[in-house]
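Could you have a look at this structure, given as structure tokens, before my questions?
The first chain written gets the first letter, and so on, giving A, B, C and D; residue counts start at 1 in each chain.
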Amino acid sequence: MGGWQFANVKDGTFAEYVHVTDADGNLAHIPGAVSAHEALYTTDMMSTGFAAAENAAIPIGGTVAVFAQGPVGLMATKGASLQGAGTIIAVETVPKRQELAREYGADHVVDFGDTDAVEESMELTDGVGVDAAIEALGSDQTLQDAIKVVKPGGTVSNVGYHGDGEYRHIPREEWGVGMAEIDIVTDLCPGGRLRIKRLLRLLANDRVDPTKMTTHEFEFDEIEEAFQLMDEKRTL
Amino acid sequence: MGGWQFANVKDGTFAEYVHVTDADGNLAHIPGAVSAHEALYTTDMMSTGFAAAENAAIPIGGTVAVFAQGPVGLMATKGASLQGAGTIIAVETVPKRQELAREYGADHVVDFGDTDAVEESMELTDGVGVDAAIEALGSDQTLQDAIKVVKPGGTVSNVGYHGDGEYRHIPREEWGVGMAEIDIVTDLCPGGRLRIKRLLRLLANDRVDPTKMTTHEFEFDEIEEAFQLMDEKRTL
Amino acid sequence: MGGWQFANVKDGTFAEYVHVTDADGNLAHIPGAVSAHEALYTTDMMSTGFAAAENAAIPIGGTVAVFAQGPVGLMATKGASLQGAGTIIAVETVPKRQELAREYGADHVVDFGDTDAVEESMELTDGVGVDAAIEALGSDQTLQDAIKVVKPGGTVSNVGYHGDGEYRHIPREEWGVGMAEIDIVTDLCPGGRLRIKRLLRLLANDRVDPTKMTTHEFEFDEIEEAFQLMDEKRTL
Amino acid sequence: MGGWQFANVKDGTFAEYVHVTDADGNLAHIPGAVSAHEALYTTDMMSTGFAAAENAAIPIGGTVAVFAQGPVGLMATKGASLQGAGTIIAVETVPKRQELAREYGADHVVDFGDTDAVEESMELTDGVGVDAAIEALGSDQTLQDAIKVVKPGGTVSNVGYHGDGEYRHIPREEWGVGMAEIDIVTDLCPGGRLRIKRLLRLLANDRVDPTKMTTHEFEFDEIEEAFQLMDEKRTL
């Protein structure tokens, strides 16, 4: 179900106790070595961000550009690292996120406020382009940029939620006029017991520390305030 | 090299004799059971059209829509059949091509002159959409239609050459707002000895008869007339 | 669940009515064009035999050898045909099954009573070996033969149930001393609504007629006699 | 050619200068940041060991057992780490290699001198078995052990060279009687410019330090002594 049911259809998922259908498929024990704080990240940011990297068909030692370093983008950067990328380029303009991107494995950070992200990415790859480009924002511009920087035979992996506009635009020439074996793939947060167990294992064995991304912490009864904060997207 | 070198770079490929680099990788013997007329099709129409179907990740018994039934589209239809498609919908308006589409395995022919190809395809799949949609024309409209008829988790396989315009347009909603696991993949005619040998085998063992698509035949010294005909795209 | 639950754990699957868990995932409507007689084959012989071919990574136009032509082997032969095999070699000694193998797409039938199946298969492929070898019996000998006839880079796809003996034997040299990129893969009958729907579609659109394999028919209340017949494996 | 030609057929590969066929496909520039000492590892140990991990279909966060920690096994351990394994079990009895295994990413080291490697691996995975088992030795025993510890649906990835004996033995029951979707795959050191460039990139960006495995260093004119040492397999 990829979490869809619990996030969008089923009532009560923010209550103290919740009924879970197909519990054997949907519930995972949290190992003792993993805190609730850490575990929380497996259900969305880690699963979604890693999926972006898994779908990107990154060859071991390959080059990857990750557009946008929000929590999903940061986990995509970490995911690219966990998939054996040889060079990771993170595209981001917020300093705190740039810093985290480096901590999660980015070799280069391209600040699209200062420079053209496509030009810079091409230069960093000696004009060749990247093996894989990950779109973690959901805008027409970054999807276009991702297509522009990927080389023939490469993959554009989208996990951004594209919320508005009638179309997304594929730049025809950089797409190789439809003949360059560039794949454009998409995904939604994958879930289920087996996957979440694997993600928990990455936490238990110290492969990743997602808590670096945490900006605020709340107690259970402060949930309304937490939602309000999220709704307003207050900056760091 | 996918034929690129011989088609676009190397001189002399229309002479009586031609120098072939890496002959072991690029030359295939034509079996006795296969005529030169048949064999000719392996080097482009069969290889390109079949590649469209191979890349489309058609599950055995799955549903496929093939947009445009020119020679590549017809071979994509045949390719879908050879990949085990359970239902094949061919979209085409030229009667002769519609007829050939049926011979090559189409279960339904949608005439986009009479009807809306997207609506009709959705109706033929009970509103579900197809597992795979093949674009064999190279226009913005058919690519959009292909994206519109493919269901979540499905594949849009493009082999059309997109020759003009700045952009191709992805219809955002039908694309599942970037989260529906719809892959858009592209390819160019794959070549090489091993592939061409396999395609020749399909001819030798009567799996396909591409000569039904032949509209004109020429002797070697009529080559200029042949090119003129192709250039003018004289209709059937 | 791949049918396992219904075949081995759940009671009542041979009653007039049966309780089905996760009905949305496990029940498929039989289309009007498909008889109950035909539909029956989707749940085992077609699904298992086709899976053998799907797992065999057959390149379009590739060569395939199918060892044993019982109902699963026959459907593997048909599956290889539906996956676009260019040459299919069926290994079988029972005349009725040899005949059916040809009807389901075999180009050559090798009678291992008359000839060495490995030698004959190598000869039929000009000493190269096949792209894919399917084991549909479950014996040590045929698995070894399958490994022997597959070429470097090829796939051995097993669907035979290996019921006895402590070991299966991989012939070391023909296996390429563990370095020839030969994959040995296995599977069990895959099930579920989506798959069965696709298989029913193949029946509805006349891609395959499994009823040619039927040797006996029974009414519902003759079920005990039917089981007795199966148990005794009475020959044709 | 996977290095085969240069290793086994072509003369002069140990001379000061050597003729390289298809130079565009077979030669890679060594970046300034990479020493010759490091680069040497890309052509065999890194490429072979990483291939073992790449072929093992390790899900991100999955469990992996690597049998034998010679240079290929150690790079397989590192490769599993670079592919995002959540738990890595290294099976080895030589203390120096055990230590290196931990440095390259092993979470657990199983000393088969002290304990049963299969039992211990099963225990470390709560009786479930591993997602992937890598055979990096080339013996019948370790291949059997690899099959025994892999769980249904998992992959046994062999890169060991199996140099003697008529057969390798598949333990029938642990193999799931041929129906457990366990794949047994094999490979040889993959080569070529693009791959070697990617491996050099991993060195340039400090993803791995293979020089920890170096036990002896020689000047070019000491090559005979070096070969003698290798031939005698003098221990550490």
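Everything that follows uses one rule, which is that contacts are C-beta pairs under 8 Å (C-beta built on N, C-alpha and C of every residue); 3 or more make two chains touch, one makes a residue touch a chain.
It should be emphasised that the depicted structure is a prediction, and the values quoted were computed from it without experimental measurement.
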item	value
Cα superposition of subunit C on its sequence copy subunit D - rotation in ° rounded to nearest 5	180
Where subunit C and subunit D are represented by their mean Cα positions, the distance between them in whole Å	35
Centroid spacing, where centroids are CA-atom means, of subunit B and subunit D in whole angstrom	41
Inter-centroid spacing, subunit D versus subunit A (mean Cα positions, whole Å)	30
Interface hub residues of subunit B, defined as touching at least two other chains	none
Touch-based graph of the chains, sorted into line, ring, star, complete or other	ring
Contact pairs between chains, per stated definition	A-B, A-D, B-C, C-D
Of subunit B, residues touching subunit A in the complex	135, 138, 143, 158-172, 175-188
Subunit C residues within the subunit B interface of the complex	50, 53-54, 59-63, 79, 82-84, 86-87, 107, 195, 197-202, 204-205, 207
